[in-house]
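Chain IDs A, B and C follow the sequence of writing; residue 1 opens each chain.
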Amino acid sequence: MTKEPSRLSRALSDYPLIPLTLLLVVLVVALELLRPGIVNERWIANTIKFAIPLAMLAACQTLTMLTGGIDLSAGVAATVVAFVMATQVPVLGVPLAIAVSLIPAIAMGLLNGFGIAICRVHPLIMTLGTGLVATGCLQVYQRFVIASGSVVPESLAWLGTGRTLGLPNSLALFLPFAALILLAQRQTGFGRLLYAIGSNEGAARLSGVRTWQVYFTLYALSGVIAGITGLLYVGLIKAPSLSLVNPMLLPSVAAAVVGGTSIFGGRGGYGGTILGALILTVLGTLLTLVQIPEGARGVFFGLIILAVTAIYMRLTNQT
Amino acid sequence: MTQTLAKHGWTLGLAALFAALLILTKMIQPDFGLSGLDSLGRAALPFAFATAAMTVVVLAGGIDLSVASMMAVASVTGARLMDGATETEAVWIVGFVLVVGLCMGAINGALIVFTRVPDIVVTLSMLFVWEGTALLILQGPEGGCAVWLTNLILGGLTLPLLPEGLTNWLPKSVVLVIVVLGVIWVPIRRSKLGLSIYAVGSDPLAAYRSGVSLGQTRIIAYALAGLLAALGGLSLTMSTGIGEPIPGPYLMASVAAVVLGGVALTGGKGGLMGPILAVFVLRLVRMDLTLLSVDPNVTTIIEGTIMVVVVMFGGLLALRGRIR
Amino acid sequence: MTQILPRSPLLNAQGVSKRFGAVAALKDASLSLAKGEIVALMGANGAGKSTLVKILTGALRHDNGQILIKGQDRRIGSPRAARRAGLVPVYQEPSLIPDLDVRDNLRLGDTPVEPFLHWVSELGLPDLRLDAMIGRLPLASLRILDLARAIAAEPDVLLLDEMTAALPADLVDRVLTVVRAQADAGRSVIYISHRFTEISTLCDRATVLRDGVTVGDLPIEPGIEERIVELMLGAGVASAAQSRPPKPRPAGQKPRLSVRGLAAGTKLTDVSFDLHAGEVLGVVALEGQGQDEVFDVLAGARKSLRGTVLVKGEPAHFAHPADAIAKGLTFVPGDRAHALLMQRSVRENIALPLLARLRNWGPIAMAAEGARVGAAIERLQIDTRAQGEVRRLSGGNQQKVTIARWVAKGVDTVLLFDPTRGIDVRTKRQIYDLVRDLADQGAAVLYYTSELAEIRLACDRAIVIFGGRVVDQIEASAASDAHLMRAAYGLTEKDRATEKDGATA
């Protein structure tokens, strides 16, 4: 069971992004072979445009998974923020609407943090429950604002769909965001504590870490990230709805997992997740191009996620 | 005596809560009777089977996110095959669907055991796979269902030798759940297989050292979950008469019921009674709120809140116990 | 090298080897066992003991070599197969299912109930209920149940891995008696333990492993301990460390830590002691006398019921380990798995306490951290060849990391709970040296040990806890094993007096 890793697997577990990058390249090459000429500047911009919200929502999963948790309320939080923002713009104006809309996401995060840190509820259950409650609240909220209508601000539409010099504008939001997370996970005390709690919460406590502080901060942060994702996504889709971001929840978990973050905590990072989101997006295009029924696409999508994770875990000797 | 009470305290509490809710329902709606119970039973049916499926894997220390998708596969398989089939052929079709369920579950289990990928990840992937499979079988809600199957869950129970009044108040759907789950679970729970399932969920290393085959037990637990999910899918077809390829809200609901039912997500602790009771409690709450003409959206909030509050309260209680 | 070949080996393993990737865990291990014989399997950590045990019990497969059981070549694929071959192990950790009761656990392993109950009562637990939940039983009882279950299976070979590690001394005696009786009845026993006293009273022979090779096979006779230590360590290692000369304490100095009337949980009722700067205070107690609670309370991991704790003369209250650390009290738990981030690097493990406070959540000064961690690694002589993940280190190096963490943070008062449990002789001596070093530099050390000899090797003074109270205090240089043992059993004059008082009152 405790197998000593070979040199290759050690190298891979020291540089876990190499096989993922290779996989991404293989997928893109396969796409180009299948439909020559498809991989052009426009396609790349488009792929990035759709991968960014996924990668951002997957940041919620990555950060929480590092502590051995998960945030299944992230999709709902994103939806709530997008919907509240869009319905409040006619009343409050854009800046204030955005500020107000983030409040429910933070509240959800704090509720998650309370349940997980103080009541010791399993994150899967806690975030699931918070998501249910928030969905209900959103439906009730909708009844009250149905008259006022909704507006997606120009600025968000520009950010979500616009392009500058051939590159999607959303990169202006995403690049600093990703840089911040990548830096934070390795080079800040908070980032280290996420790994520490995920590896051994008791040991972290004995070393003087007040874990509740970390959990509250983490899940509130996850709520905020989900909220920002919601704002970006509604700018991309331009039509707020009651389940806007929800379908992206499970893919966001998949992106983090494919990217090599361990669901048991203490291992992985956001770099892999970004690649995971790109891989899933390219895979989606690939499966749409191959003319097979919708059902078969789902089957392949699931099998490929599983295969990638299995191979990757074997390569980096995680089993 | 006290030990039994301590062991089954949670379940007994749920049963008391259910009884109290029934009385409350009768107070809200004085003519609440068979038809009310009947619609409660039929609404609860797919949830009960989904929850039973989830319970078995959770007891074995796992989780199955693909329960709802497997239900969809079973539902469309049954509906498509039964479309135009005779009543006797339907018997074989039901058997076939159950075997399909067993196989789907066994595939989930085997993938978990042989790839060594965490169960959450495997069943998350299989969620897409089974969902896709269901869409391949039927593109939209269509198909048919044998009449005897539909009748199986319609109305009150009548037994040949007993006077109708004695049993008629009991909806057939509730009896079906109890009988089917009893027939499947009770012999297993009593056997060494049942012990092995609890052992694997409780402490895999100790189980292995006690001579339990971990892989085999896990695969069987997942296969059982597949079988129960197939029953859930069939019950969907029974109550609607058609097959539905899009998975319903059974994943979240079954996890909620498992937790409310006093089963530890870490595995090895709890039973099947609690979660099934929890399903009926949750359905009855929803029904009462509808009877009180509360906005159905508020109902969702209340359900979610009940779940969150109960798990938080349970968590705090467990914490208390540990400190003392 | 003396080789004694038993007349008719029941189990005979020759030239067993096992590689994990590039690392050879076993190169040429041999072990033979005659009917009715008790053989001690000895070796420092990393010598390949546990690999050999895993191979014999079916948890691993060997690459080369031969394992003959009753003359037949066997490859054992699983614990079940080992059982069929007549080989039943009792592992270091209990292998009973916590969420099942005793009866169901027996059914699971096909253990006959009657003989099991016989052995349980023979081993000193006559009141066991079959419907008791395993998860609610104390650790020591679980070890006994494990052993009884193994004996009830009527094995040819019993494999006992650190069987007595978590047992109170009275149960240890029972276990040794029963194991001896089993051998006399014709069963063979492979006995793994770090305790020389047990080995010299119980075993017939000792097989010594070093670096994956069997380097010795010697009969147990008086004075054999030094020879075994030499074999385990290899050539050129100094003999046992000398005991520490008593240390004069400046008069009128305020104690670093004062504990008065401390009570917690059900076991700890009334413990008081003073711990001075520059002092190593040993704690001696049988299993479960309240010493765990003392350490947990002082570490902030458990709430006290009564009593006061004074740090440098000021009352202190710890609601969380962070409070204790803020007051300079740092805790090294007995179980390394409770202290380490197994999948993280040595550096992250050692730097962890530096980042715990909210104000350190920001960017890390990487260079300064690296220097601090590097100094601690150097001081503890941690083998950093596999520093990417702590789980790849040997047990001794892991233990050093748990201590290095606090050395890097700066040591004020250290609470060491059995820091040498289950680690090899060489590392043990390094830890004694370190503890002295820390004390000489002004640290105060509270040192619980399950090995009585360590009181003289590492401590200045010792207190003995029995039944939740301090029953004896003694200078380490005057603490003979016999004296400590008597005290640990509560057989001191003072205690007899209080008992009498209690009877008359």
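FYI, contacts are C-beta pairs under 8 Å (C-beta built on N, C-alpha and C of every residue); 3 or more make two chains touch, one makes a residue touch a chain.
Quick caveat, the model's predicted, so the values are computed rather than measured.
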### Query
Taking each chain's centre as the mean of its Cα atoms, which chain lies farthest from chain B?
C
### Task
Count the C-beta pairs in contact for A-C and for B-C, then report the pair with the higher count.
A-C
### Task
Give, as an integer number of Å, the spacing between the C-alpha centres of chain B and chain A.
30
### Query
Centre to centre, by mean C-alpha position, how many angstrom separate chain A and chain C?
44
### Task
Can you check how far apart chain B and chain C are, centre to centre, with Cα atoms defining each centre and the answer in Å?
46
#### Entry: Residue numbers on chain A that touch chain C, as the complex places them
1-7, 10, 13-14, 183, 187-190, 192-193, 195-196, 199-200, 202-210, 213, 266-267
### Message
Touching residues of chain B toward chain C in the complex: what are they?
### Response
3, 192, 195-196, 198-199, 201-203, 205-213, 268-269, 323
### Task
Note which residues of chain A are touching chain B in the complex, please.
111, 114-115, 118-122, 124-126, 128-137, 139-140, 143, 250, 253-254, 257, 262-264, 293-303, 305-306, 309-310, 313, 319
### Message
Quick check on the complex: what are the chain C residues that touch chain B?
### Response
78-80, 83, 89, 91, 93-100, 104-105, 107-110, 131, 303
#### Entry: Complex interface listing, chain B residues touching chain A
63, 111, 115-118, 120-122, 124-137, 245, 252, 255-256, 259, 265, 295, 297-305, 307-308, 311-316, 318-319
